[in-house]
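The data blocks that follow each hold one structure.
Presented sequentially are two complexes of subunit A, the first with subunit B as partner and the second with subunit C.
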Partner chain A sequence: MARDWQGVLPDLALSLPAFAPELIVCATIVALLLTRLFGMARWLPAGSVAFGGSALATALACLQWGGAFESPSDGWAGLVRNDALTVYVRVLCLLGWNLTVTLTLLTGVPRPSIDPADDDGPDFHVPLAAVALGSVLMGQANHLLMLFLAVEMASVPAYVLVGFRKGSREAGEAALKYLVFGAGAAGVMMYGASLLAGVTGTLSLPALGERLALIPLEGLEWNEPGVGGAAIAGVVFILCGLAFKLSLVPFHFWTPDAFQGALAEVSGFLSVAPKIGAFALLVRFGLSLHGPFGETGDALLTGLGLACAAGAAVSMTFGNLAAFAQKDLGRLLAYSTVAQSGTMLLGVAACFLGVGRGDGDLAVAGLAGTLLYLTAYLFLNLGAFAAVAIFRNRTLRTDVASLAGLGSKMPWVAGAFAVSLVGLVGLPPTAGFVGKLAVFAAALSDRVGSPLLFAAALIAAANTVASLFYYFRPIRSLYLDAAPEGTSGAPIGPPVTGSERAYLVLLAVPVLLILPLLGRLGALCDAIAEAVL
Partner chain B sequence: MTGYLIVSAVLLTCGVVCMASKRNAVGVLMGVELVLNAASVNFVAAAEFGPPAVPVQVATADAIGVGLDGQIAALFVIVLAAAEAAVALAIVLAFFNQHGTADVDAASELRG
Partner chain C sequence: MDPAALLSLIVFLPAAGAVLTACAPAAVARWIGLGTVAATFLLTTAALLPAYFEATPDDHGMRLVTDAEWVGSFNIRYTLGVDGISLPLVVLTGLVFLLSAATSWNVSEKPRAYWSLFLLLETGVLGTFLALDLFLFYVLFEVMLLPMYFLIGVWGGPNRAYAAIKFFLYTLAGSLLLLVALLMLYAAGGSGVGASTFDMRLLSDIARGAGTGEYAGVTIDRGTQTLAFWLMLGCFLIKLPAVPFHTWLPDAHVEAPTPVSMILAGVLLKVGGYGILRLAYPLAPLGAAAGAEIVCALGAVSIIYGALAAMAQTDFKRLVAYSSVSHMGYVLLGLGAWTLSEPDFWKMGFSGAIFQMVGHGITSTGMFFAVGVLYDRVHHREINRFGGLLRRMPIYAALGLGMSFAALGLPGLCGFVGEAVTVFAAWPASPWAAAAAAFGIILTAGYMLRMVQRVFLGAEYVGPLRENLSQLSGRETAIFAVLMALAVALGVYPRPVFDVTEPAVGRLVDTLGDAVEADRERNDGETVIAGAAE
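For the complex of A and B:
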């Protein structure tokens, strides 16, 4: 097949600069492997390499801010899309990576083992960087193959990260469960993509909507009976795969086990970066179904919006109910992320319904609400898991009861943890409140009226109140419960260092001080949503 | 095209049944491989016999098949399946070392 090679150089010239942060991540991975190979790890620790790489990549991503707004473009011959949403997701994910690397440097995980030859610690940063790369790619995938590659890039290293604690029964079990569910979801998603490619004749997301709109037409040579059903099955399978990444009910089974078995630092990162990427991917995939031809795309997208609203309501309710009984902090926060995903999905549902119905305001409000919430969630969840990690280093436990009496012994960490939990509930004046408000306002502003979306918003409000009880249980344990007899005295382990305090404050500041910045941040999210739609 | 779709659907069903019914973790992973192979069959079939990749408005009567995109996708599926199998077997091995079994039902110690 003859290919046009004329366009290659201009395409490269356009794609390479936009792709610079991803290339830095790749270079960091290679550098991490090489330092290990050549024994440079003695004077160049892996943590420093990872920190340098992540800081550089984040800085580069921030520098790209303006360009993508003015001139969105396709990169790598249409494999990726470089627009405002891409840049936003890229900045958030890379920032999350940078913060996680910083946290691992502070808490000293994974512990160096006694025998240096047996030390796998430096390898920890390779899968971490790979998950960051996968999350960033998820935010820009514009092609079914890229969609699959990005999701796998974020999943496969994540299995390794979850099972990283060598010789730990918990970690082994968590990794196995995550792996079995994840591999199944990835296989089903790939099958869905192949069905879509088979019936539409394209793998490119922008062309997908156009082709789907043609399916009902009879008389096309390849239009055999049952094609419409196959297309819908393909879409549903791909959505199953995405729902798995977003840990939405009923694809959430891996979440509590993986987050309990993994190190708190890993859980924090896995609950944030891949989720941000997966939401961007969900939005991009959903919008691609909406072709320029109207009706089929509209019907499909409205159905998708309603499905999202229903999924959101179920996820929130189930996540919150299951969280009530949890004793382990990782498990509690895992069910909390299931519930939080549901709330964010509400904004996406509003966005899809708005586009499907031709209501531009609703669509923009929904997407902007989700973006705002994701930003808040990044700091909230990283802060909560960081506090859990620092507590764990002192008490060597991660259950709620181990927090008893720590409020006075470790006031900074306890305070930061409390701020994060209050933010996750969504109480003012924290960032969580702002995010939830934006999503709820979008869902309730649906004037034309979709009873399901309205009902889902009401369920979300009820869930917020209900979630107060389990989010406040650790806080009560911290401040009201007395330290258990016999262990009363200083917490085990060294005192909290100044840099750990500084890190927690760094995460808590955006959570607490978001209100003055709200105007600018809200306008930014609106602009991104408008640019994408 | 229909014939290939039927073959791949059968493969998918076998894979899903295998995933759901096998208790050994390696058996479950073999089910996943079957599902991925079903996707590969679809891609390769689409490359040769599916709808044309060029826009319908300009498609000629003999234009048919996704073309290289489908074949490349199948290649990527193979590579990814290999990568996933490597990670998967390492994790199964680690699990086996700690628990003395590769039975997925034995993975039930983490409870809320």
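For the complex of A and C:
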């Protein structure tokens, strides 16, 4: 095929500025790899490099706010889309990365070493940065190939991160499980993408909707041989691959093992950034099915929406039930992640169903709800895992029982942890409530039109009550249970430093003070949703 | 002071006190706490009452309305207001918190946290009674939960962790039912030209098909109203609590420290009754019309079941807790007294229910205080091991006797008025429920008099720690005497409460009647059209 070389330079000129934060991440990765050379690590530790890079990338991403709303554009010859959602995902993921790097500096992970040969810094921070890069790419993929690449970019380094604790059988097993699961999911997703490409003759997401419109609606049956069945299978398989990233039931099995085996800092990051990216990607992929004159695409989209609603209900219920019995904080928060993903998926389901039957209000409300929830979730989950990491450094344990009586011994950390957990339940006045409210409001808005969505929202409400039980077990340990006998007077580990406190406060403040700011934030999420739709 | 800012001050003064207490040194925590609660009490009485009577009500009977933009994208507004239904409960809240704060004076364990949570709780309760925006209502309704969890869980009795989480789980289940209902109504209100709204006044107009302006013609269909009504009723039945949702209450009461029990019984249960009057009925009148009989029946069941359960208790505090279930049944009985043909009885039922809430607020606070006084001294609550307190602690026993009589509904004391009025009102609506409720008064007398006999009368107390049975301190006497004086005053002269409630209740009953009438006419019209078509 002849290549239009004329268009390359203008395309580059347009794509590069928008891509600046990603380039910074890449540069940071290269710089991290270079710190090992020439003894640079002695005066420039990897952690500092990562911190500088992440701060710069986040700042650059923030500077892109206004522009993306005014002039959304395609970049890299249509491989990526640069619009409000892209910038939103970019800011949240890079901010999450920056916060995680800050936490690792505070908690001393990986252990700093003067001997460059023994320093794990670059080995830790390179995959961390790569996951951030993958997550950001997921938020802008506009092409089935890019979809696959972005998901893999976020996954492969994550396998390394999970297995980072050398010599730990737990971590090794978790990484292996994660890898095997991830490879399977990637294969299935790749197959789905190839089916869709075969059916439509295009890999580009914006072209998908138009091409699907060419398939007659009657041909859209499972048992129908030919393109209809292949299109359905393609959509389902891609959903499977994304469900793995979102740790939705039944693709969640890696989550508890990985989050228990990995360091709490890593688990926190993995529970946030790739998830934000994957939700954006799911939305982009789903919306691409809808095209002009696209009855067939809309039918597929409605089906996808219903599948999301059902998947949401199953994920919440299963995640919550499984979390009841957990004794390890990492596992408990892992199952909580499964349940939270389910609740957030409810908003996406509302969005898909709304677009599928031309109800714009429902679509905007659903997508805006999920975006609001994701914003809250970033701070809630990072806060919770940060508290676990700081507790772990003192008690050298991560089980729920190890928290007994710490409420009065480490009041700041305990308070921050409690705030995060209360937020994860979704109680006012925390950020978690706002997210839940927005998602519920969308899902409950049409009882007659979409009964399955309504039912899923009722199940979500019941699940919120159930989740109280396990989210409050750590709180009970912290505040209600007495410290174990004989240790009541003794201090535990080194005292919590001022910077650790400041970090926790930094994460807790947005969670607690969201209500006065809700007007601006809600309007922002609405604007993004409207821009994308 | 700007009268409109008064309500905001009432709601957020305790919250400001909570922040201040948390930052202040532990030694002065109780001073700040008591000071804030006293200031709030003064605001709810000395400032609020004159302002209330001076103000002119708006179209919806609300006075001193504060209204401000809050969250544009969800059309959430910051709206506070007070009317005859909420005013008695706001004053009661201020009073009960003041007395409870006085009872908490000697809390020595983690005083800063205790007083912070205590004050936060007051913000939640007052805000719930004053909010006119459903979102605001819900947020403040939930703000009550967390402080209560910790107050029971940290300062409670031996089984406190269990009781605290049970309370939390039950109430949160109710809250979520409420949330679902509110969001359904929110969406239904936006089905026309106007944006979805959380404004209670607008939504109640829409629910009875009387919306004006851009909401003209918007209605909420019967199915949505029915579902929303049962969801909201479920929430408030848990809060009230009514049988069979009451099982959290005995545990929570028994494990909670005395001042918290006083608040729980005195004020928090009233949120249930208030919610039915303020939300469940006006926002879903069609659902309510169909369900009122069941409300009435549940009231009767609660009265009888609560009384029978109270009879079986040997723990003084558990007995009082079950008596709360029984007494709150009268509230439900009055609220269920829907008599479309006789609006006077209907109004009497609602007014009686509000009066019963106030009366029970006083008697239950007093009874829990009485239990607390004994428990502080002898560290047990076994009714059968007490006796002869009339001789050992004459002032305490006299006040305790008086309070018991007020609780059992002796004429001339405040318990009687609420019970009598609600039973009268329920008669035309549901004679069986009224008869059962009247029988409940006898059962109440049964367990109360048995308790009186075992605790205050009889042979001298020879149980453990008898040397600790000292006279009431001045502080304790003052708390108890205030409650007793109010019990007598409201029993002899209940008029002030009824004067305040009647206009608001009249308005509410009229609008509910209109809603049912309008629906009937609509249905008739449709039948006629359908008939003509045939």
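Everything that follows uses one rule, which is that the second predicted complex is superposed on the first by the 507 of 533 C-alpha atoms of A that agree within 3 Å, B and C clash if a C-alpha of one lies under 4 Å from a C-alpha of the other, contacts with A are read in each partner's own complex, and residues count from 1 in each chain.
Please note the rule applied: a residue touches a chain if its C-beta (ideal position, glycine included) is under 8 Å from a C-beta of that chain, and two chains touch if they have at least 3 such contacts.
Since this is a predicted model, take the numbers as computed values, not measurements.
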Query - Partner, of subunit C and subunit B, that touches more residues belonging to subunit A - result: B
**Report entry** First, second, both or neither for A:Leu458, with subunit B first and subunit C second
**Finding:** second
Report task. For A:Val180, decide between first (touching subunit B), second (touching subunit C), both and neither. Result -> first
Report task. Would you check which partner chain A:Ser445 touches, where first means subunit B only, second means subunit C only, and both and neither mean what they say? Result -> second
Query raised in the report: Which partner does A:Lys327 reach: the first (subunit B), the second (subunit C), both, or neither?
Result: first
Report task. Would you check which partner chain A:Asp526 touches, where first means subunit B only, second means subunit C only, and both and neither mean what they say? Result -> second
Report task. Would you sort A:Ala197 into first (subunit B), second (subunit C), both or neither based on which partner it touches? Result -> first
Report task. For A:Glu22, select first, second, both or neither according to whether it touches subunit B, subunit C, the two together, or no partner. Result -> neither
**Report entry** Residues of subunit C touching subunit A in the complex
**Finding:** 69-74, 76, 110, 135, 138-139, 142-143, 145-146, 149-150, 153-154, 160-161, 164-165, 168-169, 172-173, 176-177, 179-180, 183-184, 186-187, 223-224, 227
Query raised in the report: What residues on subunit B touch subunit A, complex-wise?
Result: 1-2, 5, 8, 12, 15-16, 19, 25, 28-29, 31-32, 35-36, 38-43, 45-46, 49-53, 55-56, 61, 64, 66-70, 72-73, 76-77, 80, 83-84, 87-88, 90-92, 94-95, 97-99, 104, 107, 109-110, 112
Query raised in the report: What residues of subunit A sit close enough to touch subunit B in their complex?
Result: 1, 144-145, 148-149, 152, 156, 159-160, 163, 166-170, 172-177, 179-180, 183-184, 186-188, 190-191, 193-195, 197-203, 207, 210-211, 214, 220-222, 224, 230, 256-257, 260-261, 322, 325-328, 331, 335
Query raised in the report: What residues on subunit A touch subunit C, complex-wise?
Result: 368, 408, 422, 427-429, 433, 437-438, 440-441, 444-447, 457-458, 461-462, 464-465, 468-469, 472, 476, 479-481, 515, 518-519, 522-523, 525-526
